[in-house]
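For reference, the structures are reproduced in the following blocks.
Each of the two complexes below includes chain A, the first together with chain B, the second together with chain C.
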Partner chain A sequence: MALAKVDTEAFIGEVIESSTSQFVAESRELNGAPPFGAFIKTSGAIPVYGLVFNVCTHSIEPNRRATAYGLTEQELRNEQPQIFELLKTEFEAVTVGYGDDRGPRQVLPPQPPGIHSFVLPCAESEIKALTNNGDYLRCVLSGNRLPVDDLIIASVRHAWAARAFDMPYLVGIGKDLCRLIRDDYDRLSSIMRRISQ
Partner chain B sequence: MLDFGVLKKQIDQMAVDAKTMQDDFFARIDLAVSEMDRWEEPWETLVTKIRRSRTSWLVANASGPFTEVCSRPERPAELTVIAADGSQIFPDRHEIANCFLINVGYVVLHYGSGERPVMSSEPSLFYEEEDMYHEWAGKRSPVTREIVGVKRNAMELDKVVALAAEAKEEGRTVVGLTDGTLILWMLEGKPYDFRRETLQMTLSGLEQLRELRVPIAGYISDPGSADVVNGLRVGLCPEQPPDCDRCPWKAAEAQALLNLDDDAQKPEPIPCEPIAGVTDDMLYVRKLKSGERSGVFRSSSKILEDYGPHRICFFYVHTGWEVGRVEIPEWVADDEALLDLVHTTIIDQAEKGRGYPVVLSESHERAVVRGADRDIFFKFLKDSYVKNNVKAENSLKQLKKLAATV
Partner chain C sequence: MNELWDDLNGKPMHDLNNNQIGVVTKGSLTEGVEMKLNPDRSVEDVKAGKFVVIEGYKNQFFSMITDLSLDATNPDILLYPPQDGDQLLHSVLNGASTYVTVALRPMLMLEAGEEVVDEPRPVKTIPSHFSKVVEAEEEDVSRVFGSEDRDDRFFNMGTPLDMDTPVCLNLNRFVERSNGIFGKTGTGKSFLTRLVLCGMIKKKKAVNLIFDMHNEYGFQAMKEGSSGDSFVKGLKQLFGNQVALFSLDPASSRQRGIQPDHEVHIAYDQIAVEDVVALQDELQLNPTAAESAYLVAAMYKNKWLRQLLSVDGPGIEQFAEELGANKSSLSALHRKLKRIDSFPFMVTKLEGADAVDTMMDYIDRGIHIVLEFGRQTSMLAYLLVANILSRRIHEQYIKKSEKYYASQNPADKPKQLVITIEEAHKFLNPTTAKQTIFGIIAREMRKYYVSLLVVDQRPSGIDEEVLSQLGTKITALLNDEKDIQGVLTGVSNAAGLRSVLASLDSKQQALMFGHAVPMPVVIKTRNYDEDFYRAMGDLTEEEKAEKAEAASAALFGD
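Right, the complex of A and B next:
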């Protein structure tokens, strides 16, 4: 499989665990994960699009735990520089689509992203293509162990920002959400309220 | 398979014996401390007595009172600390091929500048004829665990030298640390050509560090050495000069053992015996406060006669957690600035590592080859042999261990 040309300067992470519906990536920089609810894509012949739903930073070795030092980050960098080499940041994404020659498609990919493929932030045009209607929210609503409501709120806000906070777009997505969560009015109104806060 | 029923009784007896010894020990330590204080003023008398003595144990040579205490100097705001540590897979003739592996872990920590540290490791595989067999004193013998250890030490020192040269070129203040002693104890009783070859490897590394003016120190945690206490034992000896080979008390004791008559008079106790068994760290934990070090002593080890300007000296330091022993070459001991730099670095490192120098524990972590790594190594080796159509067989003994039958 021919690999698409990757801007190695722009990558923010590397896939270290992969399945059809979710993938995990190690952040290139410590604490450098994309924000919760951000749209990301993987490198490769078939780019896979995902939505970040979890970010964690921990020790690189399972038997070594981080302990408190009582120092500021700058003091730690000056006096305990090794600890930053012993920690890593990982982020998890739920798959919301993949790309083919017609651009992003809101369907699960035929193959999961390859291990060690690079992870890049989505371009504005890709975010727009993935979020032109509320279909991608179905992946979120049907996903396992996802913070569903908060992920809807964060992702809709990212999609809205990609459209320069265009009000008619938000109204359209609101209508889609009404259809998806029509049986729980309280939940729906809480989500809507928090999106527009 | 261990028979715990039998073993438990032995463990219990061991604990009872240890308790008895411990109770007796506090009195011995008290006596050793008072002996140390007694020699504070006439220290030159004691030093002369030590110099003229012939003892069967290692005795510290001092150039000041044994009670000397130096407080912690200030650490330079910007400092680079380097360490290397090694780990290995020993040659095992029951495995598929005759080879060994040395993994050198190394760490360069820059303090005060916020720069990223270097933390890595370098594995080296040895399998060629000249690595696997050596000829010393006209005798050809296969490589042993001890020789792998010697090679590992040399590689660790080489790595520290290379990293120190690099850091020095960048204009940094550098200190090199190693885990354990700088004295090549294993050379005792070895063939001359083995000694020469091993010494040359170590001394050329130390010489390069001297030229770079990078102090190197070996840190020994929980040291069992008693060189200073042995000096005090010389002080207790009424003989002038003390000579263990002609010790009249020992001779009397030996005579008494031969004497079967129960009524015979018991021999006088050996004068130096009351503080025997006390180690230097037990003594200095009473003398030093956190951050302080003892005076610098010269080790009287015979091996060091061949060290030239790199003759190893040592001091004890209270890190706040324990009294550790720090070994340094003579050119570091004689240079007050380098000595202070080593002293402050050790304390600072132990504080950062909460008891043990952080640069040493991190280089160990980089170096360590765990059981699982060893298994993967031999799997890779086997796969590669099979791919290349080379015979790959474990010994029958090894196979039996892997699949024991009933």
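Right, the complex of A and C next:
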């Protein structure tokens, strides 16, 4: 599958920190990060696919914290619009694959995404290609400091939604997961229950 | 939604194009092979006794399912099973953490493209890891069991479970040995027997002599069914003048609207001491009584029984003194043999031809004989008559065979004779099998061209030596552990067949194994109905009328 031409106008963020297994992007809009567990990709010659596992909003200056005003957001926007300019939203993603001329592949990329490359949401076809089996869950399970179970739940729900909530798909992923977590029955039943809720 | 889950948790087999049912995971030559069932198959569709093929790398292994078990990788699952209604978890676990293991017993091994020859090769190896296990296809069945179209030695007995291709019995091999048909009461022994007899008659493989204790082979017999009782055709109706009906009780035959071809009478002089000794169990004779019989016979030769029975009660002491026999044992013998007097078929002197001579005449002409017992259904009458007739026929066969061995002239070759006996454990139990003629026939096998078709519901009562000599065994459901063990005497790797045998349906299912089939197989027996009658060459009423018309036209002109 050839890659669709990157529509840079639709970007949702920009990479500001990058390594082979994870990358951090700054959201284009404040509080406009993709949802937890969403599949994203970076622009560039070798698109890198990631799974959002952390979203945070904080002050642009490292040593300053936002202050509580006791007002609603709308009141704040009317009275103190400048403070929103002093905040930014960042999101972190774990790398689950990269794309080449045959489409998405479930392996780590040869190079990490370039700094300042744009971040875009994945198309449905790309999500399907990345999640056609449970291999991508391996990256999640082996990643550092990840909220593993919740990330699995959120990402599987996205993959499941991309397939119009097709039951046999969910069962297939469940079987793969069962093997990956080495027959941990309690964990499996909890994860599956939360996915299907 | 529920249908969706049903689909996931085990699709019905016939809905799948792919007929793979699992992969081989474990096995040994002695213990058989284990297969993991594909998760898309429901365990409930896989039945013990089913015929499957393991596609090895070089060989195909024709196998039978002998056992099924549910397994789980993690004991926690068994402690906390998924909640009722948690179908998702259930489906996820199915085939991954909880799985079904199926025990298979390879019965026959064929290289790709190889055909079954007369002597099938035993399985000498096992398939490699992860060999595919598929449902047997129609051509596999005919490749292994032959087909009626291919050769006239094959006779269609029924179909494997869940299939429509006929499983055939190799009749040439079948008649070579003595055979057994077993099953509990009401499981269709008589139907199986009738089927096999029809096969032998239709394909002209052997001449049959049937001791028909319950009058169910010759003419019509009653069929027990859910839709009320009905009647099915007997051999005489199906094969007309190829079958002769003899009767011990012509009055009863006539009452049932049957005209027997011959009446059988037995003269006292025809009963030898051996015949009485064979009745030891039935008459509860002790060994000294049997010895006394020999004493009487030594004195009076073949008139011994007539002499003995002609003595009255008080005269018996004097009679014993004359013989030098023990008084009490002789009087016991006398008392017990008096029962024979009450049989209407016993005569002091034969009028007309001897029944055995007539029978031999028929047998030589290749005509099959059904001997009906009418109302003479006592075990004593049955044992006595079957013994006397078989003993004398066997004697004649020995003479004929010896003549043939001497002359080596094909014209002298005796016709293969198959004697069918019911309640066989009465003739062949461990104590009498050594003495009755049937024990001898069963052991000496085909040397004298006589073999047995043993029909019985209590195979454990039959002498083990005889059981192990039976070539082919066809057995319907048996429950008693001893009976199952008895039937499987002389079978290698009997463990797998044991569970199959105990799980047969109580109607229309049978396990066939032994000399005349390349591998053991569970069959759904062929229907004994109009289609069967036609296959046996029976015509409908209209066709008969047409044929008669054509014949008379040919004879007399238009």
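In the analysis below, the second predicted complex is superposed on the first by the 190 of 197 C-alpha atoms of A that agree within 3 Å, B and C clash if a C-alpha of one lies under 4 Å from a C-alpha of the other, contacts with A are read in each partner's own complex, and residues count from 1 in each chain.
Criterion: a residue touches a chain if its C-beta (ideal position, glycine included) is under 8 Å from a C-beta of that chain, and two chains touch if they have at least 3 such contacts.
It should be emphasised that the depicted structure is a prediction, and the values quoted were computed from it without experimental measurement.
Touching A:192 in the superposition: chain B (first), chain C (second), both, neither?
Touch status of A:192: second partner only.
In the overlaid three-chain picture, which partner chain does A:81 touch, first (chain B) or second (chain C), both, or neither?
So A:81 only meets chain B here.
Applying the document's definition of touching, compare chain B and chain C: which contacts more of chain A?
In the superposed model, C touches more residues of chain A.
Between chain B (first) and chain C (second), which does A:70 come into contact with in this model arrangement: first, second, both, or neither?
Neither partner.
Given the touch rule stated above, what does A:168 touch, chain B (first), chain C (second), both, or neither?
The second partner, chain C, only.
Looking at A:178, would you say it contacts chain B, chain C, both, or neither? Reply first, second, both or neither.
Only chain C is touched by A:178; chain B is not.
Hey, what residues of chain A end up touching chain B and chain C alike?
In the superposed arrangement, which is not itself an observed complex, chain A uses no residue for both chain B and chain C.
Would you pull the chain A residues touching chain B in the complex into a rising list?
That would be residues 61, 74, 77-82, 84-85 of chain A.
In the complex formed with chain A, which residues of chain C make contact?
For this pair, the touching residues of chain C are 4-5, 8, 39, 73-74, 76-77, 80, 82, 86, 88-89, 91-93, 95-97.
Give every residue of chain B touching chain A within the complex, in rising order.
Residue positions touching the partner: 107, 109-117, 119, 352, 358, 362, 365.
Quick one: which bits of chain A touch chain C in the complex? Just the residue numbers, please.
Touching chain C: residues 167-168, 170-171, 174-175, 177-179, 183, 185-186, 188-189, 192-193, 196 of chain A.
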